[in-house]
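Got some structures for you, see below.
Two complexes come next, and they have one chain in common, chain A, joined by chain B in the first and chain C in the second.
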Partner chain A sequence: MIRLIRYEFIKQFCKRSILALFVVFSLANLFKIYGEYKSYSFLTDGNGERSWHTLHWQLYEEYRGEITPEKVERLLAAYQPLVEATSDMTASTATDDPNTMTGNLYSDRNLLDKYFVTPMQYFYEYSGQSEQVANRARQSAALYGERGAVYQQRESGAIYNLYAGRTIPAFAYREMCNYYLNYDFSIILTLLLCLYGIIGTFVSERETQMDMLLLVSPNGGRKTTLAKILAATLFLLLTSLWFSLLDLIGFAVSFQTLEGLTLPVFAIPNFAEASVNISIFQYVLLSAALKCAGAWVIGMLWLLISMFWKNALLPFVINFALCMALIVSGAACAYSNFSKVLNPYSLLTNRVLLGKTEFVNLGGFPILTWQAAIWFALIAGLAVAVMIYFLSAENCHRCVWRAK
Partner chain B sequence: MSVFSYEWKKLMIYQRGLCYILAALLVSTVWLAATDRPQNSAMEEYREEYEWYLERLDGAYTEEKAAWLEQEAQAITEARYTRSRSQESYYSGQITAEQYERQIAEVNTVLAHEHGFEAVYRQYLYVCENTGNRYFLNTNGWAGLFSAQTLDFSLFLVILILAATVFCSEYSCQMDALLRTAPQSRKSARSKAVMTLCVVFALCGGLALIRFAFFGIKYGLPHGEYPVQSIACFGGSTKNVSLLAAYLILTGLRCFGSVYLAVLLLFTSVLVKKYALTVVIGVASTLIPYIGLSRQICYRLPIPLPFLLAAGFLEGASSVEDSLTGEPIVTFSERSPQELLALLVLSAVCYALMVWWVLRQNTNCWQSGKKLVRRHGAAALGLLILLSLSGCSVAESANGIFNSSSQSVSETYSVIYDDQTRTYALENRATGALTDLALSPLFGAFSDGESIKAVYMDAPYIYYMSSRTEQYVDRVGSYNSTATQVSIVRLDTETFEEQVIFEKITDSGRSLLGIDYTVGDTWMFLQYCYGFFLNNDSLFFITNDGVTEVSRNIQRTQVLDIPTKGNIAFDGRTIYFINENSLLTAYDTKTHKERPFRNVVASDFCLTDQGLYFINRMDSDCVYLCGRDGVGSLKISNDPALSVVYDGEKVTMILKSDGKEVVFEL
Partner chain C sequence: MEITFESVSKQYRSKYALKNFTATLSEGVYGLLGENGAGKTTLINTFVGILRGDSGTIRVDGQDVRTLGKAFLPQIGYMPQYPIFYRDFTVKDFLLYMCALKDIPTREAQDRVSELLATVNLTDAQDKKIGALSGGMRQRVGIVQAMLSDPKILILDEPTAGLDPSERIRFRNLISRFAQGRTILLATHIVSDVECIAREILLLKQGTLLMQGTPAALERNIEGKVWNVTAGAESAALLTDMYCVSNMKQEGGQFTLRIVEDGSPIKTAQPVQPNLEDVFLYYCRGERHDTPDTV
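Moving on, here comes the complex of A and B:
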């Protein structure tokens, strides 16, 4: 069986066109990531002595690590005079002021504000805010307990468990992680590449009428179908993993750092309500796993649709349209918990699941949306795979044998 | 029959090309009809009043028009003041009924078109920014017509099918080798290519024509000769083009783009000879630049995408403010006609080369033939089923009493609003325990952009309207944009189950995968809404401009002409309010009929189970009680009152003389 899977994998996915697309899409992805860095980071002004890039990393050495009162005081001692000097907007706008770090007072204030004061303030205040949430959740749970609302009590309990004790003890550079976690472009590339790879799995046999021949082979029929499903699964997982890895490499190379990966994921502002208490690096791994699950279930759907056609054109267009429908409906229903769970595309853009603490009610138990989505995806994917297996033509040898 | 007609029959009939074309036309028309919303809802809502002003202002800006408009603004403000003064004088007995009628009649002639004035004044402010090329006209038709700034996916998919089939179908059954042995092989290839390109051109033109007809019929497309800058999306353009010419140019460019895409697909299909690879190259060459590159770069590339989008060729430069430094960042610089021409020429050269290559590859060369494989054309077009933004569930009948001037109360709960913190809390009337709304412990914890804007109670349900503003300042793809989402949540006070029954993003600017697009301003009013009530059929939102009714099934909006300065009451079917002439009025939400109570002239009122308590302006502001049909007025108090409020249990009036509260137990 393993040999069969290997053959199928080599036959279907080790084609020159797929490898060429892999290279082209990977390069496009890297260019896009570099474009994000150039467009959105303020640290792209070169390595000059007074550039933000140089100064930021110098200052960063001073403030990185555990947030201590001394560090906060030192930072505020540098920042407050700048705020006072620039508050009435009458300070000099000269760009060669020797008494400043960057050559300009406003620029100094902006540098400290953007990269040190605002993030450190957020980190510092976060534990208080999450404590407040935990307290409110505990009070709500007590209230629901009195009123006999069991589901709501459980939900509040789950929120309490998630938020109690959340803290961001250390200061680290978070810009790279912020853009990495909000990056979506590679999903489109993954989907296009997977679609191209998957579409030929059954169709190419039919186009060449090899499907008839396969049926007479002892390993043909459903055994080949199973091998195809497994080979396709392997391809989907590898493609998805590759782009997850490439994204991380791309961002790390563009921003020239891996700093921030040890921060908790809720250190990124739009993950303040994250439903997981893990570090960003762990989040990267979890996100890659969720992306694999999303790509796999969408891939199985494509495979199912493509097995009814004799050439690749219409299934490709239909699958592409299905994909666009999932993307558009995913964006339109981003606020509905159930549609998020049911839409496999949300596993690909998994911050809509992991970035918010949202539950769905399954039999009276609150299940976090990302957990529900992954279970749903696995069950749906398996169901579709089973359907493909049983809908495929049976081996003629076995039919004859069974008839006898 | 000629080769052309054979090919026509093969591609359009047997391979169902016509079927796909008709499906694309049908889907586009249905989608357009189902999803279209006016770009400026005020112009549509008060069309007659707006057009009254437009008759006087239509065309270019002149000093006289501006002066007249400012004069009109002044007159309307004065008329509003005169009306309230006349009412005051009449109800306090200083003027006779005849004088009052005469004054009101005069005032009403000035105020007859006041709603339209708001829309026209906004347009005036827009025109004032550049009076040279911004004209007054009803913009809804043209703005709708030009609003299609994103890729037309139905057209894109049909081009993929039509163009990829042409040669790939021959390759898939190895007919290509046989065709090349035929004496007319070049002619056959030429026929195929010409036919495909003509069909794609016709399809794109047909879609443009359908849009033109649709907006022409629905809103009208007046004054095609006015400058294109009259429409907000082209406001910054420096090109001297009329509206009609702009649409023709855009249509021409889109047709060119469609044909260019078809040529690219024909070329790719001849090159790679495989369906899947042809289509994936076609999709990738369009979609990857579309999502991955900025518009600035897209409109410089000699690929089909910029021509398929086209709108950017006529747009002006745009920029956003840097979130940190406040400096402008150019997001799109205007494309000059010379640049467009250069891009067109370059694209046309690529186009010609690709056509030449396609024909060359299909010329006789007496290659060896292989056995033919029987070909079947299998076809079906999957329709995009796009889910609507949100749905409304049917709730139980609403028959609670609602007064916008006071917070609602049920037997078990009352709603308390804290003026200081601007938060709502739910008070259990039995225990006195307070619960903050919304119930989620996360609500408002990490963001200042989350708030409860209004609460409506209909025991055992409490409905609250939450607003959530998200800023994407740091986000990739949507630079510096914000989105506000308004939801109405139903909370069951017995089981504490929450269910979202209505949800909308209020901003007209949206972004998906970094592609920015705009929708009409239909839901913008939700941002300014400060109260709401509902029944099984509709939701009613109270804003300063009136009450907006939203049907729960088809989500159609309609502004009801109800002044919202005073109290608005609702009993599940009828809305009670005080109209412009101070008459207490009932509006039936089923029959959509308004009925002023002739004998009830009130300065304030409240709805209770017993009937309507009101402050009678005809009787020195004493408090009266009448039935819900306005009959059977009964004097309740001899003291003049300032206001009268019902809190679910008792009616409280504040005395005019000393501001003391007097309570009537029911």
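Moving on, here comes the complex of A and C:
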């Protein structure tokens, strides 16, 4: 079987066109990431003595690590005078003021505000806010308990368990992680590449008339179908993992740092209500796994649809339309927890599942949407793979004549 | 080895692609002759298990192929019509892949591939991409893949279609070479492919077996029905319209026509020894015209 899987993988996915597309898409992704950095980061002004980039990293060395009262006082001591001096907007707008860090008072204030004061304030206040959420959840659980609303009681209990004790003890640079966690372009590239790769799996056998030869070979029937399913799975997983890794590498290289990966994921404002208590690095791994699951189940659907056609064009169009339908319905049903769970595309843009604490009611138990989505995807993907296996042609007289 | 077809039929809607086909084949080359659409490929596909027959039985050494199941597959080597294979594979990789499909162990596969490539004179092309091969070379790759499991039965569906004369001769010789100890079923509509190498010819028309016999026996069947006629240009054109002409040659303003017809087409017609092409034309031609009096 390993031999067959190897040959199927080489045959279907080691084609020059796929490899070329792989390179082109990877480069496009890197350019896009660099474009994000250039467009949105304020630290792109070079390595000059007074540049934000240089000053930020100098100041960062002072404030990084555990948030202590001394650090907060020192930061406020530098920041408050700048706020006062610029509050009435009458301060000098000169850009070469020797008494400032960057050459301009407003610029100094903005640098400290954007990269130190605001994030540190968020980190500092987060534990209090989450404690409030946890306490309210505990109270709600007690109230629901008294009223006999079992599901709501369980849900409130789950929220309490998730939010109790949440804290961000250390200060770290979070800009790179923020943009990385909110980046979606590579998902489109992953889908396009997977679609292009997958579409020929069965169709190419018909186009080359190899389907006849497969059917008269002992291992050419369902064994080959199984090898195709496994090779396609491998391709989908590798493509998905590659783009997850490339995203991280791209952001790390563009922002020239990996700082912030040890922060808890709720240190990123979009993830304040995250449904997981893990570090950003752990989130990266979880997100990659969810993307793999999403790509796999969509890929299996494509494979199933493509196996009924004689050439690649029509199934390509149908599968592309299916993909678009999943994307559009994903956006349209973003507020429905069940739709998110049922749509495998939400596993690819898993921010919608992990960024908010949302549950679905399964048999009276509150299940986090991302957990329900992954279980649903695995079961659906497996069901589709089994369908592909049994719908494919069997290669022996006994089976062909039995089908009469 | 003996292969028996007993009343095998295959119908597509109301049209029979194969109708009560009954034949027995043993060792040697069997030429399956017939026009396009005569049912050759349907017969082959039914035999190898790609198509399900509507009725009838196929036996190999007395055993119904349906009861043999997958055990039947290693006994057959099959070369489909117009094989394209995988353009991006090298010849060797493709053949090793076919070995994997045929469940031939890796080490044995390497030896078998090298041996067969040498036999068909393709050793130098083993690292070439299949997409870069000429038609003849690709057909040779096709026969090598069919021979990989050293099958007892070799089925070749239009193996020489589109080949130039020298490649066709080379291929024919290869078939003769592989015929030793095997049953080869060679489907073609090119008569010369089977004329010299076939032990027996099976003549198919509209899904029905018209004739089965040695080339000599089939030729004997139509003795006295092939004629040579010499005529001027105008008469030659008229004769061509009216009769089944298997050959026409122009020499010094006069035409020599080879006509396949039950009776003498004109008084001066000379009977000649039939060949297999004449047999094919005699049985597979369409409706014949009445004998004209004017020529």
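Note that in this section the second predicted complex is superposed on the first by the 397 of 404 C-alpha atoms of A that agree within 3 Å, B and C clash if a C-alpha of one lies under 4 Å from a C-alpha of the other, contacts with A are read in each partner's own complex, and residues count from 1 in each chain.
The criterion applied here is as follows: contacts are C-beta pairs under 8 Å (C-beta built on N, C-alpha and C of every residue); 3 or more make two chains touch, one makes a residue touch a chain.
In this text the structure is predicted, and so the values were computed from the model without any measurement.
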| item | value |
| --- | --- |
| Side-by-side fit of chain B and chain C on chain A, or clash | fit |
| Winner by number of chain A residues touched, once chain B and chain C are compared | B |
| Chain B versus chain C as contact partner of A:N350, first or second or both or neither | neither |
| Touched partner set for A:N110, first chain B, second chain C, both or neither | first |
| Touched partner set for A:Q209, first chain B, second chain C, both or neither | both |
| First (chain B), second (chain C), both or neither touched by A:G220 | second |
| Contacts of A:R16 with chain B and chain C, given as first, second, both or neither | second |
| Chain B versus chain C as contact partner of A:S240, first or second or both or neither | neither |
| Contacts of A:T201 with chain B and chain C, given as first, second, both or neither | neither |
| First (chain B), second (chain C), both or neither touched by A:F320 | first |
| Shortest CA-CA distance in Å separating chain B from chain C in the superposed model | 5 |
| Chain B and chain C footprints on chain A, overlapping residues | 207, 209 |
| Residues of chain C defined as touching chain A within the complex | 45, 48-53, 58, 65-70, 72-74, 76, 78, 80-89, 93, 97-98, 100-103, 106, 145 |
| Touching residues (chain side chain A, partner chain C) in the complex | 3-4, 7, 10-11, 14-16, 204, 207-210, 212-220, 224, 395-401, 403-404 |
| Residues on chain B engaged by chain A in the complex (per definition of touch) | 153, 157, 160-161, 164-165, 168-169, 172, 272, 274-277, 279-280, 283-284, 287-288, 291-292, 294, 324-325, 373, 376, 378-390, 433, 435-436, 439, 441-442, 445-447, 470, 474-477, 479, 485, 487, 495-497, 500, 503, 512-514 |
| Residue numbers on chain A that touch chain B, as the complex places them | 17, 21, 24-25, 28, 31-32, 35-36, 39-40, 42, 106-107, 110, 113-114, 129-130, 132-134, 136-137, 140, 143-144, 147, 149, 151-152, 156, 159-160, 163, 178-179, 182-185, 188-189, 192, 195-196, 199-200, 203, 207, 209, 269-270, 272-273, 309-314, 316-318, 320-322, 324-325, 327-329, 331-333, 335-336, 339, 357 |
